[in-house]
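For reference, the structures are reproduced in the following blocks.
Presented sequentially are two complexes of subunit A, the first with subunit B as partner and the second with subunit C.
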Partner chain A sequence: MSGFTKQGPRNDTPYTPTAGVGRRRAGDLSWYQRRQLTGVLCVLPAALFITLFFFIPLVLAFWMSLYRWPLLGIHKFIGVANYVAAFHDSTFLHAAGFTAEYTLIITPILLIVGLILALLVKGSRRGTGFFRTVYFLPVPIGFASASFLWVWLVQPDVGPFGRILQMMHLVAQPPQWLAATASALFVVIAMVTWKTSGMQMILLMSGMQAIPTELEEAARVDGAGRWQVFFHITLPLLRPTLALVLVFSVAGSLLAFDQFYIITGGGPSNSTITAVYWIYHTSFVTFQLGYGSALSILLMLVLAAVSFVQLRLIHRSTEF
Partner chain B sequence: MWARDSQKTFIGDLTKAFNKSHTDVQLRVDLIPASNFVQKFGTAVGSGSGPDVVSIDLVYLPYFSSVGALEDITDRANTLSYKSGLDPAHMRLATYKGKLYALPFTSEASVLYYNKTLFKKAGLDPDKPPKTWADIETAARKIRELGDGYYGYVFSGACAGCNAFTFMPYIWASGGDVLKGRGDNPKPTFDSSIITEALSLYRRMWQQGVMAPLSRTDQGSNAGPAFASGKIGIYGSGAFFIPTLSKAKGFEWAVTPIPGKSGGYASFAGGDEIAIPKTSKNKDAAWSVIKWATGKDAQSVLAHDGIVPIRTDLLKSIYEPLNPNYPALARAMLRGRTPYSTVYNALFNDNNGPWITMIDDAVFKGNIEQAQRSAQQKALDIVSSGTSG
Partner chain C sequence: MKIGITKLVDLRQAMPALAWWVVCSALAALFIFPIYLMVMQSVKPLDEAVAIPPTLFPHQFSLESFLALSGENGSINIVHHILNSLYVAIAAVVGTVVVSTLGGYGFARLPFPGRNTLFFAMLTTFMIPFQAIITPLYLVLRTIGIENTLLGLALVYITFELPFGLFLMRNSFATIPAELEEAAFLDGCSPLSALPRVMLPLALPGVVTTALFTFFASWNEFFAALILITDQDKLTLPVTLSILQTGQFGTLNWGILEAGVVVSAIPCIIIYLLLQRYYVSGLLSGALK
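And then the complex of A and B:
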């Protein structure tokens, strides 16, 4: 995993003219050209995939965003009218704000929970393997299935959460978790934390394990306490991994959809509609594919900007 | 042929019956999840693929007819001897600009289910179901007074379609409506005073704790089982609920029409219609399926599977004798109405749309007037953007 973030030594073996020169014939590719060709062939499948599944749809979406484009019927060129409409669409603006709010709340939670879990399971004491597995177990569950599971868990009449609180005499009636915005958001955040912090844990743990133990030991010898070691040695050296985790989690949160679609249905009173939710809604409930495309393009621009800023900040901070 | 997955219970029987009686045409049914039927069918027609016959929720017919997705079958339908016996609400939805694009296939009517055992327990006459809104309110309150765990009324407060089905009849039966005027895209009347009164009825029952708490968040799947558990007095639903309820034990129940404010009754005419997509490659075979599906044999198969037939001329002979509750459903069906709009989905069926948002804001938060005003504005926006497109 560390190869992801660290710059390994360049693998350029210097060209040695003695090898193969004698066998070279006219029309043959030079070693350098062959090497280039191999490189092109190696990236070709990936490039094809990206063209087919990213660039072409992107261009298509942009093209559609300039049209009034119903699912059925005739489409009509309307220029940037869809983009102008987006800034007057109160639901979309609210959805964008809510998505930002959700991202701001969940990102630190995921990071801190992931860090704590990673600290707990990074050692090689007996049993850590077991806990690693336990914490990681929710990760491979699909978002949709996990959401349905939680819908049932918090259901006031049949779900166990309300029943447990009632048995502990903390509440008189099983609470209606999904009836208020704050508690509905809380349920979603709890579900997402449960489901994705295992992934963050694994990433951060491998980052921690890549830190040479000599550094920590040296700090200990110099008289640093546990927390000092953590804040002055581990955390700074973990920066590249933290950056990776952060970019993943922010992008994932800005694109949140399934969890809200399934758990809250955008409710109560449309207060938990996210940006992607609204894009889905305009495209497939009201069939305005052109407008939906315009919203997607806007969201993509925001996402690109946010990721760019994050990577810039991180890039600067890794230069010691 | 394409059908919704919710039709699974009877479509198999029907296919078997068709294939047995036909040698030249054979029918194969693909079930499509109901929740994304419209976009699946829309994209299929848009790309020129798709089925030879399609069974569509009738509320979507104005939309699909208006965008030219369906074959005009006016002339073919005129050859049917029983055309006048077909359910008028279905026929109205299948007509666009004077042309017919589908024929009725299955019907569904909305009624109130009430728990006779609880009525008796609360000191009410179990053979006198509520006939006015005041009756409903009194009965619900008395049942709530039985104590903890008993509730007078339940509905699915987070399910847009459910409330089109069970809340609109209250409005219609009292002389009101949700859309005004004829034409393809009538204006919404969400801010009318009769809707204020209907919402106030629900609001009072909610505020007094007469309604089961799950009403607020239920997306459609929990209210029915709650009634079937025997703890709820009154619940609005359709014929499709009878099989579930027949399995419920420990209490007696019955069916009664959804009443108006001071009497009368109304019902939502739901169900499916069967049509030939423009892109169908076997139009004559498709027509033979449609003709058969609206005929007596097919409709009898449906009746036996608990579906209300769309042949008003056959209700008495093939449907009502099968179950003591069926006559009430048949009566409701004859009084059935369906809002006609090419933007029906966005107005009424969308779980984030104006219809359900209005009900949620009014019933659970209490700001009825403001809920109606903002829903009316949203609905007007939808209607006007729909017509210009």
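And then the complex of A and C:
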């Protein structure tokens, strides 16, 4: 740290080599070239990681999707047969449909709960900081841990949730939550809402605090009511943040795996198998790696399309 | 008057202060209740943990559930799996911090031809879910000869935390005033030696945030760990819990499973409470910039 003082000689234009800098080198490289070289060397490790463990597997995924590729044994080129098979695979089609259904149900729930929490805890009055912290508390817990918690909570005989409903005389017998598709889905949605709405809250809250208060004031002066201001001023101006929260929620839901694998196990009778769950099953339970890759590519395309549409939404909504 | 107007859309203004406290406290109870039940379940004696109907608080305090995870009589040795998780998480944190600090510095401060294109290419990895490339990733690890190892898993985690880390560190370095860097150069620092001496101390909040996010992500990750690690010996905590859930070692005891969940979840909660500031600001800078 010794060489650094704020009072050091100043230079008007950034990055201009001076006599002071130039004296340090005797080699052939100019100061600029040396800085360029350092830049390349600095980003090299990152580039290597991403090439080796991201771009190569990505290319490999396309390639494998054109083959019949068992874990052991001979790979056979079969063209687009895997893709054709995907559209005749009733479990996959059901899984894709179920994933879409799950996404469509949970996204508005998370948005609304996040919005309500954000409205409750924004500002700086006494207590808001505490409640923010509490609502955010489940966010750092992993999806797997949270799922292992909730799968116990909803057990029919030893689980406390059924018992509490019973004690409140809301049910005669503790319900068999995981025995029916709708109630199993309800449990997963409750768990995910509990675990992630704090995250939505924080994002939406900071979006709200970025809205210039003059706009709301002006509307109020013009005679708008409290809820009119919310629906006609705040909500439209919150669109960039809403779009962002939407992207998070939709991408996360389309990739759902942990919560269904752990809580429902895909049951009852495979009705809660998600797209990623089926890819996992295809690739690592029945070891059809080529077919699994084809399904992965399809998932990637869907996700890219959805993200693209949503990013357009963000882009357009920032031009107000 | 002015304060009243600026806080129009504040729900608190729409309800009396008492109602606000009641609503917020009730919600807080809902958020905390599952965590409370989890901790209580883990400190019940084993027979009380599976009692029907269940007790909502321990009638008797006991650490039997935790002791059942000590590895005796061929049971799961939770300490071993904690160490596996710690190894992977710390390796991933160190790797991600070093690689994304260097990369972020390069991308923010050291122009070279093709820099922006390369940065953009790395950010595209945000768009593609790693779940979709897990199969070929497994084959790549097998080709290198590190399939089914904690090192391989850590390298995978580093790769998937890198886009966020690079993004965050690039922003951290980009906001440092150019004068400070120039002063360092004039004082005789090379571009590389300016990093630890001048730039890094100023970008420290970014480093903490990157480290924190990588730790949480790696400690909690389930999908890749489930697929890439096949030796029970090498399992990380979340996948170990799934072994407990299947009741592979005698019948499933919900007290033991929840003790395992406590071991995996409570550290995250404590770290979050201690470093909340970095966590939330990182979330916002990562998301909103």
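By definition in this document, the second predicted complex is superposed on the first by the 259 of 320 C-alpha atoms of A that agree within 3 Å, B and C clash if a C-alpha of one lies under 4 Å from a C-alpha of the other, contacts with A are read in each partner's own complex, and residues count from 1 in each chain.
The rule we apply is simple: contacts are C-beta pairs under 8 Å (C-beta built on N, C-alpha and C of every residue); 3 or more make two chains touch, one makes a residue touch a chain.
The structure displayed is predicted, hence computed values, not measured ones.
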Touching partner for A:Phe284 - first (subunit B), second (subunit C), both, neither: both
Touched partner set for A:Pro57, first subunit B, second subunit C, both or neither: second
Touching partner for A:Glu217 - first (subunit B), second (subunit C), both, neither: second
Greater residue coverage of subunit A in the superposed arrangement, subunit B or subunit C: C
First (subunit B), second (subunit C), both or neither touched by A:His88: neither
Which superposed partner A:Ile273 touches (first subunit B, second subunit C, both, neither): first
First, second, both or neither for A:Asp157, with subunit B first and subunit C second: both
Footprint overlap on subunit A, comparing subunit B with subunit C: 155, 157-158, 284
For the subunit A and subunit C complex, residues of the former touching the latter: 1, 3-6, 8-11, 14-15, 18, 20-21, 24, 34-43, 45-47, 49-50, 52-54, 56-58, 60-61, 64, 116-117, 119-123, 125, 127, 131, 133-146, 148-153, 155, 157-160, 163-164, 166, 174, 194, 198-199, 202-203, 206-208, 213, 216-217, 220-221, 226, 229-230, 233-234, 241, 244, 248, 251, 255, 257-258, 261-262, 276, 279-280, 283-284, 289, 292-293, 296-297, 299-300, 303-304, 307
Residue ranges of subunit B in contact with subunit A within the complex: 36, 39, 42-43, 45-46, 64, 67-69, 158, 213-214, 216-217, 219, 222, 226, 343, 345-346, 350-353, 357, 360-361, 364-365, 382, 389
For the subunit C and subunit A complex, residues of the former touching the latter: 2, 5-14, 20-21, 23-24, 27-28, 30-32, 34-35, 37-38, 41, 49-54, 56, 98-100, 102-103, 105-107, 109-113, 115, 118, 122, 125, 127-137, 139-140, 155-156, 158-159, 162-163, 166, 178-180, 182-192, 197-198, 201, 216, 219-223, 226-227, 238-239, 241-242, 245, 254, 257-258, 260-261, 264-265, 268-269, 271-273, 276, 279-280, 283-284, 287-288
Residue numbers on subunit A that touch subunit B, as the complex places them: 68, 70-73, 91, 155-158, 173, 176, 178-179, 265-270, 273, 281, 284-287
